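Below is the structure I would like to discuss, written out as C-alpha cells.
Should a chain be cited, it is by its letter among A, B, C, D and E, assigned in written order, with residues numbered from 1 in that chain.
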Amino acid sequence: QSREIELSVQYGNAATVRGLMEEVATVFMRQNPGIRVTYRAPEADYESILQRNLRDAITRNLPDVAFHGLNRQRTLLERDIPVDLRPFMQADPETPSLGYSESLLSLGQVGGKQIGIGFALSTPVVYYNVDLLRRAGGDPDKLPTSWEEVAALARAIHGSQEGISGLFFDWTITGNWSWQSLVFSRGGSMLNADETQVAFADAPGRAAARDLGTMLTEGRMPDGRSNAMMGEFVAGRMGIVMNSTAQLGRFNREIGGRFPLKTGRFPIPGPNPRLPAGGNVAMMFARDAAKQQAAWKFIKFATGPVGGTMMVNHTGYMPATTIPAAREDLLGRFYRENPNHLTAISQQNVITGWYAFPGQNALKITDVINDQMQAIVAQRSTPEAGLDRMATEVQALLPRRRS
Amino acid sequence: MVDRLGPLFRHAVLLLGAAVMLAPFVLMLSLSVKPAAEIFAPQFRLLPEQWSAWENYSAAFTKVPLARFLMNGFIVTFCIFAAQAVTALPMAYALAKLRWRGRDTVFGLVLLALLVPPQVPAIPLYIGLWQLGLLDTYAAIILPSTVSVFGIFLMRQFFRTVPNDLIAAARMDGLSELGIVWRIMLPTAAPALAAFGCLSFIWNWNEFFWPYIAVQSEHLMTPPLGIAFFSDTESGTSWGPLMAAATVTTAPLALAFLLAQRAFVRGVTMSGVK
Amino acid sequence: MASVDLIGIGKKFGATDVLRDVTLRVADGEFLAILGASGCGKSTLLRILAGLEGTDQGEVRLGGIEVGHLRPKARDLAMVFQSYALYPYMTVGQNIALPLEMRRLSAWQRLPLLGRLMPGTRAARENIAEDVASVAGPLQLGALLGRKPAQLSGGQRQRVALARAMVRQPAAFLMDEPLSNLDAKLRIEARAEIVALQRRLGATILYVTHDQEEAMAMADRVAVMQGGRVLQVAAPQSLYDDPVSLDVARFVGSPPMNVFPVRLHSSGAVEALGTALPFHATGTAREGIVMGVRPEALRPAEQGIAVTLARIERLGGEALLYCTAPGLAQPLVAQVEAGEANDHAIGAPLRLMPRRALLFDGDGKRMVCRAGSVGAMALASAHG
Amino acid sequence: MASVDLIGIGKKFGATDVLRDVTLRVADGEFLAILGASGCGKSTLLRILAGLEGTDQGEVRLGGIEVGHLRPKARDLAMVFQSYALYPYMTVGQNIALPLEMRRLSAWQRLPLLGRLMPGTRAARENIAEDVASVAGPLQLGALLGRKPAQLSGGQRQRVALARAMVRQPAAFLMDEPLSNLDAKLRIEARAEIVALQRRLGATILYVTHDQEEAMAMADRVAVMQGGRVLQVAAPQSLYDDPVSLDVARFVGSPPMNVFPVRLHSSGAVEALGTALPFHATGTAREGIVMGVRPEALRPAEQGIAVTLARIERLGGEALLYCTAPGLAQPLVAQVEAGEANDHAIGAPLRLMPRRALLFDGDGKRMVCRAGSVGAMALASAHG
Amino acid sequence: MAEARAGKWPGGRAEALAAWALALPALILMILMLLGPVVAVLLLSFTGWSLGDAEMEWIGLGNYEQLAADPVFWTSLRNTLIYVGVSVPATVGLGLGAALLVESVGRFRSFYRAAYFLPVASTLLAMALVWEFMFHPTVGFVNQALRTLGLPVTDWLNNPDVALLAIAVIGVWQNLGLAMVLFVAGLQGVPKDLYEALALDGADGAWERFRRVTWPMLGPALVFVVAITAIRSFQVFDTVAVLTEGGPNKSTEVLLYTMVQEGFRFLRTAYGAAITVVFLVFTLAITVAQTVILDRRAHYG
C-alpha cells in the first residue's frame, strides 16, 4: 500500500453544509483509499473563510482545497494563492464525463485562469407566497416576468389586507449581488472592459435603478432589514421576496407548511441579459505535486455528478454539473418532485460570474454601493441621484491605472 | 422619597427592571425550544406549540462538539486566570507597596494598556505566535490573555488598603518579598481575587474574537465559536440550535455568579472601589 | 539579648527632617521608653532600627556591631506593632510559628504540600510546635492557638503579637505603641505583663509610646522626643523631678505642670503673681523667665498665693483644684487627696513647695535656683 | 435644654438582651456620664434616646414629654459620635452649618444651584454663617473653617464634631465616647473644654465612656453599667467611696481596688491575711466575704500587714508599690507620693485605713461594717 | 507621599530589585502582548501594507491624510462619541439607581443582583441576535411593549435616527449590572454613622440622604465605574458587527467597527492601523480627562 496522502480541506457555511461535507468525504475516501480527507474547522461564511485563508497565506498554512465564495476568487488570485485547474482538467481523461457546462465553468475563471469549479451555486430568484398571491388575484402558474408586473402584483397583495406587505427585494446580499443581478439582467456590467471606468451608470444601469424605483413606489416595498423582512415572509405577512436560491431550504424549514411556496424566475428584461451566480467554488491551494493530484481528485468528485447529487439533496443550491438533473437515478426525480429547485436550473443559460471589483479598495467599493442602495431604498434619494453618487464614489476608489 | 414610597413600590420598580434585564434570556430560552417553523410564526408565543428542545439541544451538541468546546472553555479560562493571578499579584504588590524608581512609569503603562481593545494587537500577535509555531494550540488562545491589566489595577487598589505594618511584620519575621506576596498578600486578597476571578472567567469565557483567530482546529475551540457556527447569513441561521448553544454557554457563567455573588460583592467592596 | 546604639541618626522624608541627630544608647537588658507627641518621629526611629527604613545619616549598632547594611531579617530584632499586624487568615498558632518556620525550614520544606514530604520537615515542625507551645503557655494563649485573630479580644491579640515577637528570642524587642489599642483597664494589666516579661527574659526593649504614664511606669529610662530630636534621656523619676527644659517639664506629668511668668530681681530674688518667693536664682537672663510647679506641689494652706477656687475635679483618690489667680490666663491646678478637697479648700490661698519649683529661662532652658530656706514649707508673703 | 428620662428601657437584638430595665433620669442642665465596659450597651442606650434605634420596652421622655414615636430629627438632640462622623467631603464650615441649613432653609432653598436664587436664601445663609462663626470662635476653629476633616488633627476633628452639635442649641447633647480617639494629653484638654462648655450653656449632657477617670472628672453623676443593667448612679466621689457592689467598686478606680478574702467571726470581728482588723460587720453572710481597699488607703508604716515589696512603679508625682502577701495570688497595690517610695518602704508592713475599707458579701453586695475605733489610724495586730 | 527612593540605602536597593523582579513577569507579558503590538500597529499605520501582502511600503502620513478626508471616518468618530455620551451616563445612572434600590430592600436582594448582573455574564454575540428579535419591528418585545403603552414605534435597527440609540440600549443593558455591583460595593463602604449623624442633623429624607452622604461618599466608586464603563463603551463592537454592520447608512458606524472593517474585512490593514492609532489617542484623552475631572471632585477618605 502506497503512503496515504492527507488532504486538508476547508469549507464555509458550516451549519448548512456540515452533514453534506461529511458524506462527501466518506464516500470519496471509500473510493480513493490512498487519500485521507481531513476537514479543517468549517467557517461560518465566505467572509470568515477568506480572512482565515489570507492569514493562513501569511503563516504558510493554507489548506489544500478550500471552498470560497465566487466573488472572493479575485482577492485570492491577486495574492497568488490558488492554483490554475485547467492543466488538471486537460490532463484528466474523465473531464468530459463530468458534465461541466461552459457557462458554469466560467464562474471559476478569473484573469484567464480556471481557479475554481462551482460546487454549490445559486441564482437570484423570486419567491411567492401562493396564498397571498391568489388572494390578490394572481395566478401561480403564470408568474410575472417583468418588475412592473411583480410590482403591480405586490401592490395588490399589499392592499389586500391590513399588516400585509407586498414585496421585498433583498438588496443587502453580500458583495452587491442583488445590484449586480438588476444591472446584469438589463444587459449591463459593473465596469468597462479594462476595468477603469464605472459602467453601471450607463443605460442598463439606469434601467436597473428604475426597476428598483418601481418596486419601491409601485410595489410599496418597505425599507426593512433583511432578516426582519425574511421573517415577515416566512411568517406569511409578506407576499413576494427576491433572494438567492440558497434560501430555499431555510424557507421550507421556517415556513413549516404555513403556506405553499413557489419560486419564479428573476425577470430578465434586457437585451443580452445575464444573472450573477452565487455560492461557492472549490479551489486548489496545494503546491505539492502529489497533493495536487489528490486535491484534483477530490475537487472532481465533489463538484462532479456524485458530489453534486449529494449537495442538492442537502441544500437548495445547484451543482456545476448538468448531469444529475438529467439522470433519473441521480436527481431527475428530485427535481420533478421539487419544482421550486428547478427555477435555478432554468436560469443556467444566462448565468455569469459574481463580479468582484479590482484593487485594494474592492470591498470598500462594495460597501459604498451598499450605502447608496440603502439611501435609495429608504427613499432618501431618488434612484437616479443615488446611482450618480454611487458612480462617482466608486470611480474614486478604482485603481488609477493598471499595468 | 424612595423611603416613603415604601418597599412595595421599590420591589415593583426592581421587578420591572429585572423583567427588562431578563427578557432577552427568556426569549433565548423560548427560541431554544422552538422548531424552525415556529420561530417566525405570525403570532409570538413564549412556549412552542410543538417542542423541539430535544432536537435543538442535541443539534447544538452534535453538529458541533459543544461538550468539547465547553471543556476547552474551562481549560482555557482556568489557565488564563491562573496565569493572570500569578503575574498580576506580584506586580500589583510592587505597585502598591514597594518603593522603586520606575513605579509611576510602570503604573502609567498599566493604565495605558487598560485602554487597548482586544482587536488592536490581534495581527501583530498572530504573526508573532505563528513565528513561535504556537498558532492553533491552547497556548495561542491563552498567551495573549496571560496578563490582565484590569486585574493588576484592581489588585493594586486592594493592596493599598492592606496595612503597611503587616508587611513590615512579615519582613521582620523573615519573609522575602515574593514570600510576602504568596504568604501574606494572597490570602489577605482572597476575596478581591475571587471577584477578579469571576470577571476574568466571564470575560474570557465569552471572548470570541481572539480564539476565533488563534485556532483552526475544532478540538481547540471555545464555546462562543460553537454559537457562531450556527449563524450563517448565506443560507439562514439555525435559530433553535444557536439559542440552545447560547443557553448552554451562558449557563455556567450564570451559575458561577449565583454561587459566588456574595464573595464577589465583598471582594469588590474590599478593593479599591470604595 | 544585645545592646542597641543609635548614633547621630538623621532622616528626611522629601524635604522635611523627620529625625535630626538622634543618639540613643540602650544597654543590654535595658527597657528604654521613647516618649513623644504624635508625629515626632518615634515610629520612624524604630523602623530605622529594624531595617525597614534607611537613614540619611548616622549609624545603627546592635551588640556593638554596625548593622546599617543588613536587611530586617538579618538584624534579628522583633517588633510589636501598634496595630499588632497579625496575619488575619492564619490561626494564632500559625502566626506565632511563622518567624520560626522562616528561620528553621528551608524554602523546600515550606512548600504547601510537597514540603511535608521533605526529609526533616516533620521533626523541624514538631520542634516549632513545641516552641510555640512554650511561649503560648505563660501568655495564656494555649487555648487560643486554633483561633483566628478576628475571634480574639484586643488584649488577646496584643498577647499574640507579643508571643510572635518572643518566640524567636531576638536580640532586642521593638514595640511601637503596643498598648494604645487597648482600653484603660486592659492597658494597665498588659503593662505589668510586659514588664514582668522583660525582667524574666532580661530583654532589651525599645518601647515607643505617647502615653507618659505608660513610659514612666514601665521603663528603666525614658527618652523624650520632640520634632525629631531627643530632648532628654533619663530615669522616669528624674525626668519628672529634674527636667532639662520647659518642653520636657510640660510634656511629662499629668495634669501638666503649672507654668507662670516670674520676675527676677537683680539681686536674684524671685517674684511671681505679686508674691515674693523664697528663691535665689543664678544666671544672667532676666526676660521671659517662667516658673514651673507640679500640681501636687501646690496645696491649699493658710498662707500663700491668693487664688479663687473655680472648680473641683474629683478623680476618686485625688481631686484637682482649678484656681484662677489675678493676672494669669490659665488656671493654677493643685492636686490634693480627695479628702482634702473640702470646704477648707474654698477660698484658701495656695502654698507652694519651694524645693519642687523649677525656673526656666526665655529659651525654655532650666535655670539653677536655690530655695531661700531649704526645706521651709512656709511662704513669706510680700506686697504686690 | 431639657431633662431626659429613660424609664424601664428593655432592648433585645435577636435573642440577646442588650438592655434590661434601664432607668435613668437626667435633670435639666445635668452632666451624666454612662460608664461601662465595652459591649455593655452604652451606645445602644444613647441610640435609643436619639431615636436611631427602637425599644422593646420602656419610655423615653424629653422635658417630660414622651418622644418614643418621634423621629431623630424631631427630637432635637445632638449627638457626638465616637468616630465623629464628620462628612469627609465637606469643609469644616459646611459640616457645622449643615444642621442649621436643614432647619432654617426650605427644601427649595437647599437645592444645589437653584436654591441661591430663591428669595430669602441669601439672608438665611448669612445668618447661618454668623452662627457658625460664633460657635467656631470659642472652639478655636475660626481659622479651620475652610479645611476638610482629613486635614485636621484628632483634637481638631473632635472640636468640629462638638461645634456641629452645639451650633443648633439642642435639647440635650449625647456624646458617645467622643474623646476615645484622642491621645492622652489632648484628652485632658478636651475634657476641660467640654466641661466648661457645659457649664456655660447649662447643657444637659449624656456622656458615654469606658474611661472611668474621664467619667469621674467630668460628670455631675455617673451611671455604671454592666451587661445591659445600670449598677449604680451616683456622684463620682460617692461612687468611689461608697460603691453599692463589688462590681462597681472594682470597676471604678485606677489602679483598681485591692480585694482579698476575709473571715468574719460570729462576733462580727473581721480577720484578714492573718491579721485581725478593727471592724465590726453586721449581716448574716459568713461565706465568701471579701474586703476591698483602695491603693491610697494602704500605706507603708511601722505596723500592719506583713508584705514583701515586689516592685515600685513610679508615675511622677506618685508611685505604686506592688507588694506580695502570703496567701494572696494578686499583689496588694499601695499608692504613695513619689517621695515616700524610698528605702523606708522596702520591707515595711502596710497599714490600712479602716474607714476606707469596704466589705462585700458572697454575692458582691456591700455589707455594713463599722470600724472598731472610728478615726483610729492604728492597726491592732493579732496572732494569725 | 512615599517617594520612590531606590538605592539610597541597602534595604532600598534590595526593595527596588525585588520590586522589579516582582513586576517583571507581568511587565514583560504586558509589553509582549499589548504594548508591543500597539507599537507595531503604530508603525504599520505609516505603511501601505494589506493583509497577505508580501512587501511593506513606507508611505508616511498617507493613511492619516486619507483618514482626514474620509467621511466614513468622521461619521464613525462622531457616532462613537455620541454612543459613549449616551451609554456612559445611562449605564452609570441606571446602575447607581439599581444599586440604591437593591440595597434598600431587605428581601430578594440576591435575586435582583443576579438578575441585573446576568447580562454581564452573557455572550454578547448570542445576545445581540436575541436583541434582534427583541427589536423586530412587528413582533419584537420592544415594539409590542411600546404599542401597549400607546407610544410610537419604529424599526429600531433600520431607522438611522434611532439605530445608534438601540445599540446603546443593548450596551447599557449589558454593562449596567457591572456598574451596579461596583456601586453596591461602594455603598457598603459608606459608614452608617454618617447617615445617623445626618438624621440627627435634621435630614432623613431619601433625597437629602442621597445628596448629602451617598453621592459624595460614592465619589471614588464613581470615578472607577465611569472609567470602566467609558473604556468598555469606547470598545463597542460586537453588537454593531452582528446587528447593523454599521448601517443603516453608517448611522451605527463606530470607530472600532470601522477599524476592524477596514483592517480585516476590506483588507486595508495599514489604514485600519491608522484608525486604531486615532482611536487610542481619543480614548486616552477622554478617559484621562474624565478621570481627572471626576477624581478632583471625588473625595478619598
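Here, contacts are C-beta pairs under 8 Å (C-beta built on N, C-alpha and C of every residue); 3 or more make two chains touch, one makes a residue touch a chain.
Computed from a predicted model, the values in this text were never measured in an experiment.
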| item | value |
| --- | --- |
| Partner chains that chain A and chain B have in common | E |
| Label of the chain whose CA centroid is most distant from the centroid of chain D | A |
| Intercentroid distance (Cα basis), chain C paired with chain A, Å | 92 |
| Rounded Å distance, chain C centre to chain D centre (Cα mean) | 25 |
| Where chain B and chain D are represented by their mean Cα positions, the distance between them in whole Å | 55 |
| Contacts with 2+ other chains: residues of chain A | 55, 58, 231-232, 235, 237 |
| Contacts with two or more other chains, residues of chain E listed in rising order | 3, 5, 12, 51, 139 |
| Residues of chain D touching at least two other chains | none |
| Touch list for chain D against partner chain C, complex | 37-38, 153, 183-185, 188, 195, 210-213, 216-218, 236-237, 240-241, 252-256, 294-296, 311, 313-318, 320, 335, 337-338 |
| Contact footprint of chain B on chain E as seen in their complex | 2-7, 12, 15-16, 18-23, 25-27, 29-38, 40-41, 44, 51, 98, 100-102, 104-106, 108, 110-127, 129-131, 133-134, 139, 141, 144, 173, 176-178, 181-182, 184-186, 188-189, 205-207, 220-221, 224, 231, 234-235, 237-238, 256, 259-260, 263, 269, 276, 279-280, 283-284, 287 |
| Of all residues in chain A, those that touch chain B in their complex | 12-16, 18, 40-42, 44-46, 48, 52, 55, 58-59, 61, 174, 230-232, 234-237, 244, 246-247, 249-250, 253-258, 278, 315-316 |
| Touch list for chain E against partner chain A, complex | 50-53, 132, 136-139, 155, 157-158, 160, 247-250, 261-262, 264-268 |
| Complex interface listing, chain B residues touching chain C | 163, 165-166, 168-175, 179, 183-184, 187-188, 190 |
